[in-house]
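Mind having a look at this structure? Questions to follow.
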Amino acid sequence: MGKGRLEAFSDGVMAIIITIMVLEMKVPHGDGWAALRPTIPVFLSYVLSFINIGIYWNNHHHLFQAVRLVNGRILWTNLHLLFWLSLFPFATGWMGENNFATTPVALYGTVLLFAAIAFTLLTRSLIDRHGQDSPLATAIGRDLKGKISLASYALAIPLSFANRWIACGLFVLVAVLWFIPDRRIEKILTD
Amino acid sequence: MGKGRLEAFSDGVMAIIITIMVLEMKVPHGDGWAALRPTIPVFLSYVLSFINIGIYWNNHHHLFQAVRLVNGRILWTNLHLLFWLSLFPFATGWMGENNFATTPVALYGTVLLFAAIAFTLLTRSLIDRHGQDSPLATAIGRDLKGKISLASYALAIPLSFANRWIACGLFVLVAVLWFIPDRRIEKILTD
Amino acid sequence: MGKGRLEAFSDGVMAIIITIMVLEMKVPHGDGWAALRPTIPVFLSYVLSFINIGIYWNNHHHLFQAVRLVNGRILWTNLHLLFWLSLFPFATGWMGENNFATTPVALYGTVLLFAAIAFTLLTRSLIDRHGQDSPLATAIGRDLKGKISLASYALAIPLSFANRWIACGLFVLVAVLWFIPDRRIEKILTD
Amino acid sequence: MGKGRLEAFSDGVMAIIITIMVLEMKVPHGDGWAALRPTIPVFLSYVLSFINIGIYWNNHHHLFQAVRLVNGRILWTNLHLLFWLSLFPFATGWMGENNFATTPVALYGTVLLFAAIAFTLLTRSLIDRHGQDSPLATAIGRDLKGKISLASYALAIPLSFANRWIACGLFVLVAVLWFIPDRRIEKILTD
């Protein structure tokens, strides 16, 4: 079973998610700069989510470079990841329209956490299919960055009720951490 | 005539359907957990439809692994399937926003039934093109799962007027039945 | 210059058009069959447009089977076709929501006419690139079906002001004419 | 690392942007020509943006013909371009719905400027990867058209506050300049 359609379908879903999020930025009714002001928090939450989906696309792209075999479990763990990513437009819109209020920030963190868990499960199902000493498994290694992300999101959810900006800061921090693309797989494949 | 563009177009349509369904989950106006409550039935109907479209994508993917030849009839039976799938966002939204009321549940069942019929017709047109003793025909076999699905949906529509939860239970049951990916085609192709 | 990305981009745009049209079918507020009634004309206009876009995708697919070479003019005549197709959701929604009123029917006919002109221009640019005695040019031939379509749409626009149902009848007639997929190209390629 | 998925993802995002822009053209409530009148400026701004996204797709397509190698920086400069392009539906809708008022025109110019800067940065990252004497670098050359575009947009933003039609004229002028597809890369690749 080829990986071509899985990649194409995932690309399609991620391309649509990243683009329809912008529809939450409703066109304001007035025509001056003042009319744009309420759009600013929606815009900021959009930027954060665009970067996050961009990171997922990048990592998915890197990961599947090393994939040789696909089975039913991989198809479903991949769809499971896409499910959580598909909730980004909702969570982003709610957080932006409520000016980063506590509960929406906590929900956004929850969606981030489950997406990160889903990515980890996808990684696991791929390693199981390719073997513990496959280039793929070596490339992923201990997956330190993945573990830090999971811990940060899990921490951010309760912290958002203490101070929502700490939670937002953690979201940004994890994004910065991943912004540098994952060279592990590239390196090992080159070797 | 190649199957490449048919697969790409179907992937595109299914990726968009699965993603725009989430737009029916309107961003609530308040910012507390209470504001999220009316979203819960919409979310549940979204999860059910996400899994259903996921199953269709999975089965489509498996089916076309064994496809070698495409003709005009196949293009149209495939478009016919995509038509019924394209009604999922509407039926899902109506069912979710009305808290799984009787008539919307019956309509949802009707869309499921016609999508299942369309998939059967697509399967037939593929077998007709490839021959009764092609690997494709052998792989599909008696298509027991397909027949159970058709019967369940046909049963669920009238039953929804007796008790809508029985109908919903049938929808979930069929989804569970298909959740396990179709190994028949994989097996025969491997042999 | 390859035709791969042109096909992929066109597939993407047509897949999105065919799917977002359904968003014009707004989820009704009530939960009974009565609430669905105002949706019926919107649904009927959606079915007509789904078939029309399906026909364009089918013909595009058949046409590009025979394409070997792509140049700047072809890229732009193709984008020009996609532009007119992109107006289908708007024209379909307006016609459906106004219960096939005269002016919306005339506008729908206008969009159909310009899309048909655009397809003819695309065909011309492809023949110019491949030569008058290329398989592509032979396959297209006198393009009788294309000319009948152009004439029917041009006729339907003024006729819609006399009787809008005659115009709608012409739209359906042309769709039926094209529903039978274009075997000309298939035949000549096989020879 | 292959360029296939980068092209597919970019095609997907651009196909969606070009198509969802039309959703800003809200279906009018009346059914006469008069009801269409408020849609005219929205339609005109849509046409301008359709052509602009078409130009970006065309140039992206030409550019990547000559691309052989992809790295992390290229993935991100490409995503950065897609980010600015994703703001077109918002900027287009705001400009159209406010009948080309001063501030929306200035914002539209700003989005155009940043998209042009992003395209230049993408070009730079590609040249850095392929070398100063690669066919790609030779094909891009001094990039006069790119520089004229950047200057025109930068000029249009302040000018829009003097006279918004001058700014709009500049937008159209740059579009006309690019409308003629980029033959530089084609030529050099043929040599």
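We just call them A, B, C and D in the order they show up, numbering each chain from 1.
The working rule: a contact is a pair of C-beta atoms (placed from the backbone, for glycine too) under 8 Å apart; a residue touches a chain by one contact, two chains touch by 3 or more.
Model, not experiment: these values are computed from the prediction.
**Student:** To the nearest 5 degrees, please report the angle of the rotation taking subunit A's Cα atoms onto subunit D.
**Tutor:** 90
**Student:** With touch defined as above, tell me whether subunit B and subunit C contact each other through largely the same residue numbers, more than half shared, or through different ones.
**Tutor:** On the two sides of the subunit C and subunit B interface, the residue numbers are mostly different, under half being shared.
**Student:** Farthest from subunit D by Cα centre, which chain is it? Let me know.
**Tutor:** For subunit D, the chain whose C-alpha mean is farthest off is B.
**Student:** Using mean C-alpha positions as chain centres, tell me how far subunit C is from subunit D in Å, no decimals.
**Tutor:** 26
**Student:** Using mean CA coordinates as chain centres, what's the gap between subunit B and subunit D in Å?
**Tutor:** Comparing mean C-alpha positions, subunit D is 37 Å from subunit B.
**Student:** Can you tell me which residues of subunit A touch two or more of the remaining chains?
**Tutor:** 8, 12, 15-16, 20, 23, in rising order.
**Student:** Would you pull the subunit C residues touching subunit B in the complex into a rising list?
**Tutor:** For subunit C paired with subunit B, touching residues are 7-8, 11-12, 14-16, 18-20, 22-23, 25, 27-28, 31-33, 36, 47, 50, 54, 57-58, 61-62, 65, 179-181, 183, 186.
**Student:** Can you list the subunit B residues touching subunit C in their complex?
**Tutor:** Residues in contact with subunit C: 1-2, 5-6, 8-9, 12-13, 15-17, 20, 23-24, 71-72, 75-76, 79, 82-83, 86-87, 89-90, 93-94, 97-98, 101-104, 107.
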